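Below you'll find a set of structures to go through.
Each of the next two complexes has chain A plus one more chain, namely chain B in the first and chain C in the second.
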Partner chain A sequence: MGRGLSRVAAVAANTFRETVRERVLYNLVFFAILMTASGLLLGQLSIRQDEKILIDIGLGAIDLFGTLIAVFIGVGLVSKEIERRSLYPLLAKPLSRGELFLGKFAGLVFTLLVNVAVMMAGLYATLAATGRGVEPRLLAAAYATLLGLVLVVAIAMLFSTVTSSVLASVLSVGVVVAGRFSDVVRHMGEVLPGAPRWLSEVLYAVIPNFQNFDFKDRVAYGDPVPASVLAWVTVYAAAYVTVVLAVGLASFQSRDFQ
Partner chain B sequence: MKRRWAGAIVAVVFPLVPWSQSRIDTDVGEFRAQQEVLYLWSGDHVKRLFPGFEGLAADVYWLRTVQYFGGTRLYARDKSFELLRPLIEITTTLDPRLEIAYRYGAVFLSERPPIGAGRPREGIEVLSRGAARNPDSWRLRQELGFFHFLYLHDAHRAAAVLEEASTIPGAAFWLRTFAASLLAQGGDREASRRMWRQMFEQAEAGILKENARLQLRILDARDAADDLTAAVAEFERRHGRRPERLDELVRGGVWRGPLADTAGVPFHYDGQTGRVTVATESPLWRPR
Partner chain C sequence: MEEAPLVVRGLTKSYRVGHIRQSLRPALTDLDLDVRAGEILGYVGPNGSGKTTTLKLLTGLLRPDRGEARFFGLALGARAWRHRVGYLPEHPYLYDYLTPVEYLDYVGRLFGMSAARRRERTRELLALVGLERASGTPMRRFSKGMMQRAGLAQALVNDPDLLLLDEPMSGLDPLGRRLVRNLILELRRAGKTVLFSTHILSDAETLCDRVAVLRAGRLLSVGTLGEILHPDVAHLEVLVGGVGEGLGAVGGVVRQEAVGERTRLEVEEGALGRVIGAVEATGGRVLSVLPVRQSLEDYFVSEMAGSGGGADAWGEG
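Right, the complex of A and B next:
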């Protein structure tokens, strides 16, 4: 068990190094430029809304960049290794498929954690530099966003175990977008009167509800995010990630690479 | 050799760039209003394009609204502000809690040209929608009441809305008495002055505050014109004739104040009727 964990950690560390080497964290430079420019310009353009817009831009960028990284790097972690055949020497080592899969997942989650943490620091720095208060409540939105990103990574890795990288990317983006339209899915009957009720209920239950992880507007307006809500969102994310990883792992382990 | 040719071409041709630009600026004007096109007119459609990023999209649309309003007001030949209402609608559909968009949007729509679009009913519709979507905001309801009185001159509706606003927790204590006085007096210049003063004191520095300040100066100018009309009557009583020019009032000892409004434009005097009004060329003139 202990050795297994250390091997997972070794793969995770290697995955983190790999993403850094692939210049994934360059998005932080873009984020820094975006925040600096926003901080300088918004006061003149926005009519008294600069703080809210700064928060919206900061949290929106964290969500958007994080989702892009989670989908496209997440898909590449497995399917590109298969397509480039670089997976075979790895599997020849004393490393189980499960350890490899979970290690890669943990490595990308750590990359996203670093990404979100640095971006939040940048957002706080911009708010402080432009004379605004540093509001701890923003951390609630960032935390929920990170949970959503972890789920996106799991979904992207699941698809990458069953299909090509291009199709896995398309499917992952599709699920993420559908999950952001959960309210539409739930009330599908109003848009498509002929759609059976059970279908919308099944889809609502099955498609991950990414609206659960969106507290950006609430914190931008200073509304509190109760700890109990965050706790339930954490439980939801943990349950969903566990299920998706289990299916992905089963698929990865049963796949014939010949 | 090739480098020398390239250098020569750059040296010869590049000066054409700033020269042609200056010719374009001369012909079309240095500040060209952007050809504004709105591809999506429904806020609900726009909302569906940005799942999870509605707040950020609302900010973008709000910035665009402000730029459109400022650009059209300053540079456009056709100041019909055609896109103003849909831009405000999209912004507030994306973020129904963005109070500033309702408040500023209503002013942009309601003020008379050239300051605004001159469509106060639309401005009031925007504020009504904002008040309905934000039932806890007494400020939006207060401004809705003020707008009913100031732009539609409907004292009864204004009083009813202010009465409603006064019942919202946290509302200003004076709203109820204000509503009562509006009903009692049926609306007069003093009521307008109190409303604009409230808006001036509540507004953050910027367009809203400046507009409230301007409205107070307009009311001051009307008061001064009325005082001058009274002075003309006093002059006539004392001298048995009306003055030919306003400066006779000063020489005749019935007026000590200025003969121009605070914008520096002399008041208009109608010798036939003895009435003094704000001159139409003054920035403080407004049709009654």
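Right, the complex of A and C next:
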């Protein structure tokens, strides 16, 4: 492993250690699993819909709580370092700002991977409790959700390089919400007649469409997700993550730490 | 020939201030400085004089408006010099969820040290800064002084040839201050070079081979204390007993102050014989005579007064 990569790995490992020691992470994962398990009760209220409701609620919980983890820990990772000045001694070491930034990103992505795996295990355990076996098609939906979460982390880190942690959280949530309702953004003129048309077109073009990562309904109804679709979603996420990280990195590289 | 540890030329930095109407506030102007191998150079000045700005420019936390600096002959942008330099920021904040052992291990990884070397170095450094008993304690439970010691340890992980220390005595109790003072002297004995900023002038007077005095972002003077300070005796301090008031009228007595049953006189150098005669004539006796030379504080107070800044510009903290 090259020296640069080993420094990125050191930062990533430390970031993972930092996030797993955050109490908020355990609270969020606990609530996600609790919410999934509560699907057992809701499923009993509907006729022959219990499995669909369980999968819907389980994958929805992974998505929702994963997004909360990605936004709030993602923002905190960089802005907290800047506000508390803990990066001062590190940046005097043979560690470039780029290595620090990418290491932080990699560490949080790994944290999300572990969290999604734990929450998926909770979902499978809940399904098993109702006598159902492991259904691999759910993994496709979880994979797409994870790709969306990686993009959320990149967006949160970008905002945290240019503004305070509070504003960065608000902006990140705003982009994620807009991306989940991209159809509304595209037709903003119909909802807000005064809004200029160019604005809705620019926002629709720039903000990533988070609906592309949503396969919950599809797998809940038993439809498979073709590999080609997953490959396309992977390329879409990779392209956005690359651009967002590059902009975030450029901002992080150029700023003064007064 | 080995290049100088640090050469700075024309280093300049301004900060943008204000939100709507932005203006530039100069923080450091045309700094030229040479740090020689094996010396302890004190970088002194009041709060806001540009000391921390200088160290942040040198470590890459700030981008200079113009000017350059070279560590061991290498430009600021090069990475190689970072293996030979250690940096302690002012009021260091280290990750509070880590123990000092974990933090030093992390720093060692950034230097590419092997696991065995990291373990060994961590043990050495914790002993050096007196934190062995707190080695497994998360740093969020550390006092300010303990954090400062951990900060010093991280600055020494790579056994640097040059140390940049920003207010290293800040927040330390008397024992901690002595530990850091001894550590700095020990580093010099080991052939290391130390540049440390301080606004505590007695630290600079005690430790430094040379001092660089900074005021309002400009370098006022650099040299040994003997070169910077007036070498002549400023006045004599004469402690006398058994005399009442009235010596103030004797020619050459600048000031008279009662200290318990004794009296302290500030006397011009040429007037000592006359004052002793006057003391004996009134039945008193001279207890001690001390020549008082200009201190770094006297120098700075006079410089600040001369610039209209006032002595109170020398803040605490």
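Keep this in mind: the second predicted complex is superposed on the first by the 230 of 258 C-alpha atoms of A that agree within 3 Å, B and C clash if a C-alpha of one lies under 4 Å from a C-alpha of the other, contacts with A are read in each partner's own complex, and residues count from 1 in each chain.
Note that a residue touches a chain if its C-beta (ideal position, glycine included) is under 8 Å from a C-beta of that chain, and two chains touch if they have at least 3 such contacts.
Since the model is a prediction, treat every value here as computed from it, not as a measurement.
Peer 1: On chain A, do chain B and chain C fit together or clash when superposed?
Peer 2: Verdict on chain A: chain B and chain C fit.
Peer 1: Please indicate which partner A:Ala10 is in contact with in the superposed arrangement: first for chain B, second for chain C, both, or neither.
Peer 2: second
Peer 1: Where does A:Phe181 make contact in the superposed view: on chain B (first), on chain C (second), on both, or on neither?
Peer 2: first
Peer 1: Is A:Lys216 in contact with chain B, with chain C, with both, or with neither (first, second, both, neither)?
Peer 2: first
Peer 1: Touch test for A:Ile53: chain B only (first), chain C only (second), both, or neither?
Peer 2: A:Ile53: touches chain B, not chain C.
Peer 1: Quick one: classify A:Pro89 as touching chain B (first), chain C (second), both or neither.
Peer 2: second
Peer 1: Under the stated touch criterion, which partner chain does A:Glu18 make contact with: chain B (first), chain C (second), both, or neither?
Peer 2: A:Glu18 contacts chain C only, not chain B.
Peer 1: How far apart, in whole Å, are the nearest Cα atoms of chain B and chain C in the superposition?
Peer 2: Across the overlay, chain B reaches chain C at a minimum of 33 Å between C-alpha atoms.
Peer 1: Please give the residue numbers of chain A that touch chain B in the complex, ascending.
Peer 2: Interface residues on the chain A side: 45-49, 52-53, 56-57, 60, 63-64, 177, 180-181, 184, 210-211, 214, 216-217, 220-221.
Peer 1: Going by the contact rule at the top, pick out the chain A residues touching chain C in the complex.
Peer 2: That would be residues 3, 6-7, 10, 14, 17-18, 21-22, 84-86, 88-96, 254, 256-258 of chain A.
Peer 1: Touching residues of chain B toward chain A in the complex: what are they?
Peer 2: Residues in contact with chain A: 48, 51-56, 58-59, 62-63, 66-67, 95, 97-98, 100, 104, 204, 206-207.
Peer 1: Spell out the part of chain C that touches chain A in their complex, as residue ranges.
Peer 2: 15, 56, 59-63, 79, 82-83, 85-89, 91-95, 97-98, 102, 106-107, 109-112, 151, 154-155, 158, 164
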